[in-house]
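Labels A, B, C and D are assigned to the chains in the order they are written; within every chain, residues are numbered from 1.
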Amino acid sequence: MDVLFDILGSANFWAAAIRIATPLIFGVLGALICERAGVLNLGIEGIFVAGAMTGWLAVYLGAGLWGGVLIAAFAGALFGLLHAFLTVILGLSQHVSGIGITLLATSVSYFTYRTALPDVSSPPRIAAFQPVSIPGLSDLPFIGPALFQQTPLTFLALVFVALVALVLYRTPLGLAIRAVGDNPASVEAQGLSVVGLRVGAVVVGSALMALGGAFLTMSAFDAFFFGMVNGRGWICIALVVFASWQPGKALLGALLFGAFDAFQIRLQAQIGQVVPGQVFLMMPYLLSIVALILVARRADYPRALLQPWTKGQRH
Amino acid sequence: MTIRLEPREDAGLGLKIGVSLAAGLVALLLVAIPVLFAGGSPLTAYGLMIQGAFGSMFAFSETLNRATPLILTGLACAVAFRAKLWNIGAEGQLYIGALAAVCIGSGLLQLPPALMIPTVMIAGFLAGGLMMVIPTVIKQRFGADEVVITLLLNFVVILFIQMLVEGPLKDPLSMGWPQSVPLLAEAKLPKLLPRLRMHWGLIVGLVAALVLWLMVRKTVLGFEIRAVGENKAAARFAGIPVDATMLKVALISGGLAGLAGVGEVAGVKGYLSSDLSPGFGYSGIVVAMLAGLSPIGTVIAALFVAAVFVGADSMSRATGISSYIADLVVALSLLCVLVGSFFLRFRVKWDRQSVVA
Amino acid sequence: QDLTKVAAIWTVPVEQQWASRLHNALTAADERGEIEYVYSENISNTDYERVMREYAEQGVSLIVGEAFGVEQPARAVASEYPEISFLMGSSLPPAEPNFATFDNFIHEPSYLTGIVAGMKTESNKIGMVGGYAIPEVNRLMNAFKAGALSVNPDVTFSVSFINSWYDPPKAKEAAFAMVDAGADILYAERFGVSDAAKERGILAIGNVIDTAADYPGTILASALWHGEPMIDKAIADVKAGSFTASDYGIYAFMEYGGSSVVIDEALAGPEAVAAAKAKEEEILAKTFTVEIDDSEPTSSQ
Amino acid sequence: MTDAPVLLSLQNITKRFGALTANDGISLDLHRGEILALLGENGAGKTTLMNILFGHYVQDEGDVRVLGDGGLTALPPGSPGAALKAGIGMVHQHFTLAENLSGLANIRLGTEPLLSFGREGAARAKVQKIIAESGLDVDLDRRVADLTVGEKQRIEILKALYRDAKVLILDEPTAVLTPQEADGLFVVLRRLAANGLGVIFISHKLGEVLAVSHRILVLRGGKKAGELVTADADRRAIADLMVGKAVAAVVRTPASPGDVLLALENVSLHGASGRSLSGVDLKLRAGEVVGLAGVSGNGQSGIAGLISGLAVPTSGTMRLYGETVTRADPRALVANGVARMPEDRQHDGVVGTMSVADNIAIEEVRSAAFSKMGFLDRKAMRERATAAIAGYDVRCQGPDAEARLLSGGNVQKLILARVLERGPRVILANQPTRGLDVGAQAEVHRRILAARDRGAAVLVISEDLDELFALADRFVVVHAGELHDAGPSEGLDRGTIGLMMAGQSHARAEMAS
């Protein structure tokens, strides 16, 4: 029990939870935008890799850090465009296309990295984002170190949560995106372009996913490793459902996941292996499943998810 | 001038072959880009790819060997997807199937091969099936999405397997390396040919494809699965037991993935470890969709994916290009074939009719 | 058969510390013109046998790799190609006539780094972060612990495994957790741990490769593995036709120059350096043997 | 009327779907202030023509011209956006609503610049004004999924009015409205037309067409079959134009009720809104048609669910041939001679991607008629389907055609064939002719009455009172989950039933006294 309070009472724990959550926040927002528009994007895991690689490589080759972020987003957008072309314009299977994109983005990234840097025995480093202090806020006791000593990308992620929520619920664009994911015919009948909205959503969503990857190589760490994305993308797919496709709950889900991970790491470090380590590692997944069961009935999933839409077809 | 799409009623065999060839050609053209980027010669690379997949008995056997689990996981996905049960968890079911095989076949039972092999297979089938029945029941009871649950369960299962092979199932003779006790010789699937890795799992896969084909086409169960998959409400109204049908599908789907695991552990590896499958479960999704969920098509698609991977991987070794190109070639081929399937479903028409001013 | 053609098959990317030591040694030999080196990386165990056979069919003279997950098939392939020499990482004994084995036996320098850490720690808490609890990792951690306890019985250790070889952000988080729990020295089995140490201004112990230059003022000491003695010996044996199914693992021992300890003397201080050097002498003189303990290390309660 | 300027002009529109020519050189003009009724059999091409006009489909030939500032100008094909801009509003035959959004959100959708914060307040005020003027009352803030079909229909019409349409197209807007709602709509339409709006109105209900339109255009087999001025037209003439031959009137002979075959005794049911029932008593006798009237959402679907075998009473008993039904088991009911027509035939009636033959066999695949030892008897299935296609005039390519390719009317005939061919003893006919053309309607009525005459007990649930009066020997009315007996149909009139539907269960007694 003491251990529990020790951990939960430490500002470092909360800071770690937010740090761990950051890539997930980007990813889950990206997936949420795509799915709100009716497109499942299983390319996320690969887009994470592509974002991690391109952002890092750009900085390594001399671009500024924010230049790297932009390039990562651009790479994500490109893969998103491909996914949108296949699933929205050609109406092909979202599952296959997504997995194909993951395979493609991952292998292209690895292949490019290896071919561009054939002789590395220890991964080269860049000068990554450093935590910034926000005058006033960062100096607050407890709250300061817990919440306000993060790298800029973390703050960017939080800004995006608000932005996505704002656009989704407060603008006609958001209304159109929600409608196109619910029933594309409703959008078409009101003179908007189903294809345009969906392609746009997938491209923007994929760019956000790539930022999740970029965070790993440009903020959480300063080098690119094969395999470093390590399933984070898939977790985002689960978190979107957990969040019932709502940005606020998505943030909450990502933070919960981060907190749990940070907690289990600390517990392992403090009381050691009383049970096999895997039991801890399984917990976030099992808890996600439990959470899913609890929220499932109330979720308003986008009804047109997975359904292609072709103009002039009966649906 | 505008472009219009018209759905095709049914694509003929000629068109199907033509489109497949065209997709393959385009994929090859695209592969030239990374090959050139890496400083290789595309033409040489093509030759080496074909040689690597089909150029010798060994190469071909390796292609078949890799296709074996893909056929089974592909079928697992195909049958579930047909009922709109989105099983993304074939990877986990594969491991659970392999686990069951190891639990039963490593000494718990002493049986002659003729009994042992079927026992191990049935155990793997049931275990894998149960692994899919659980999320299906959760979906039916609580409405929780099976895509996400099956996806998450993959991670849980892998960790569970790691836990077992580091703990209770650990082979005391493995020098501390996390792997399970080996299967008894009686539980191992016989090789099809001496010195080659191909094993009886391939036959199991082919038979499973045939059985599924029969089931979908000819049986009441297949009829009911299609009805439930295409329109649950109408199926329910017509008196088809929707939930029960879904559970049957789940059992079959997970079971087939479980069999893939049995094949890998009893046909290839001999013991269980947490790196048994390089993503066969996920590739199964791709294989099934490429095949348009047709059981026979699944066999062909599995062979295709296996040949592309084995060929490209071998090519990378012969040319000295980074071995990551193998996955890249698979990805490109996959996407090309996917685009090709579009032309099977639609006719593209260019209208010359001017847009009226 | 081309006597100079050597192939390596890695189950990990060549950046992985373990593989990189041998990869570098092989690349160096290639650059010296002694061999022609080809390799395949990130090969899954399922594909391992096929890749072995493909290289064997290409007619290489020596195949270097890791048989850990594929002992049976690797040995079967070797027996089918008696004219080719196999030098495989393995926990099992070599197999006649052509299957030689090795492992990263750098427990000796690990023990020495333990001495330095044991003497330097002020909080008496040392954090250790590893990838997976496999023998290759366990033995180094255990030797390190033994070394530290030999000079400071009050040290306690917290150990955690991140269940991944390549997740530096996660390793970093695990390391942060140890720092938060009071550790003032971190044992860096994985990339990411030293980063945490540097960020929090504490010390880290390097493992297998020397990363001191990347973390100025952070790496207290490192236990290094040198692939060259073993690789060069194997190449020479192959060329001389004297390659046998022996255990090349010994070439990782300090005695053969297969491993060494580097200590940042400014950070460690003369006392710790002296203690470590003294033990090193004993090891080299064979008056002291570091025990090989492959069991999974656990946190001290 | 025809002196008014032309608002909209279709010129030689042709549209082909593969081998089928759905529209064949159709031209029409719509004038300002005119209500034009578009009539035709199921599948005649009405919806297709309107979809072209609105830009959902791209025509193969022909132009759509709309009156703009510079006279009649052609619309770019395939652009609903352009059609909306040109002042065309469309109420689709099948709702085009985003169900997870509120009514107001659906109305606003696409009317404001995407990259702005929107003008929700102004939009709400404008919609409320339109509601006040038109009487199309509906809660704007409820999720569309929670609205009744009638309310959804109102949202659809509000969508069009909100955009200040010059031309309003309504594709079968009254198919799902109660008579009162429909009357309300007509008032609105007349007022809108009087204000200069042009209206195209599609309906299968000739009474409505005669009551509300100025001019009638009839399509047959994708071609224009004729045009009438409403004032000069009568039912006969229109029906003859539509089907190309005279439609025989259906006559109902007096019933001779026999034993009670199905009974609900003090049945209560708890379900989602519109499904709850409390203390319902209902007896269906052999050789009698009972008509169930009620405003949708008052419990019809609950009663239908019970008789369909999808639910069992929460309390009270349901007896079939005297035996208590304890399990929700559609298969058992079917095997016991209950014929069930679903309310929503596309959703519950057929599996669109399966063949006609499959859909005809679907209720009985497990029976010996269609399978042996778990294997399908394809031959038997095809034979039954071929017979059904011929016997019920199901227009389709054949037994192997996918059901989704059938028009709504033909789907209904398919279902009729499926359930009536077995010689059922109890028949649940839920909205049996919703959306059907007059010819098909007469055919369905004839078959239902024939089954009654054979001795079947029939329950007809319909929102079309004309239909109920044509079929029912006895009336019951459902309101707020309670069922009230209205007695034999002789001596009943629309007004009485209407009052009972509105909840005045004593209407009949009061009238009598």
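Rule of thumb we're sticking to: a residue touches a chain if its C-beta (ideal position, glycine included) is under 8 Å from a C-beta of that chain, and two chains touch if they have at least 3 such contacts.
Protein names from UniProt, one per chain: A, B = ABC transporter permease; D = Sugar ABC transporter ATP-binding protein.
Note that this is a predicted model, so its numbers are computed, not measured.
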Mind listing the chains that sit against subunit C and also against subunit D? A, B
Report back the single chain whose CA centre is most distant from the CA centre of subunit C. D
Take the average of all CA coordinates in subunit B (ABC transporter permease), do the same for subunit C, and state the distance between these two points in whole angstrom. 37
What is the distance in Å between the mean C-alpha positions of subunit A (ABC transporter permease) and subunit B (ABC transporter permease)? 27
Cα centroid separation between subunit A (ABC transporter permease) and subunit D, in whole Å? 46
So subunit C residues touching two or more other chains come to 42, 133, 163, 296
Where in subunit A (ABC transporter permease) do residues touch two or more other chains at once? 110, 278, 281, 312
Mind pulling the subunit B (ABC transporter permease) residues that touch 2 or more other chains? 4, 7, 159, 162, 166, 322, 324
Would you please name all pairs of chains that touch? A-B, A-C, A-D, B-C, B-D
Residue positions on subunit D within touch of subunit A (ABC transporter permease) in the complex are 54, 56-58, 78-85, 90, 92, 94, 96-101, 105-106, 108-118, 159, 404
In the complex, subunit C touches subunit B (ABC transporter permease) at residues 38, 40-47, 49-51, 53-55, 57-58, 68-69, 72, 80, 91-92, 132-135, 138, 163, 294-296
What residues on subunit A (ABC transporter permease) touch subunit C, complex-wise? 10, 12-13, 16, 19-20, 110, 119-123, 125, 216, 220-223, 225-228, 230, 261-262, 265-266, 268-273, 277-278, 281
Can you list the residues on subunit C that touch subunit A (ABC transporter permease) in the complex? 13-15, 20, 23-24, 27, 42, 127, 133, 158-161, 163-170, 172-174, 176-178, 180-181, 191-192, 195, 209, 211, 214, 296, 298-301
Flag every residue of subunit A (ABC transporter permease) that touches subunit B (ABC transporter permease) in the complex, lowest number first. 40, 82, 86, 90-93, 95-97, 99-100, 103-104, 106-108, 110-112, 114-115, 118, 231, 234, 237-238, 241-242, 276, 278-279, 281-282, 285-286, 288-289, 292-293, 296-297, 299, 301, 310, 312-313
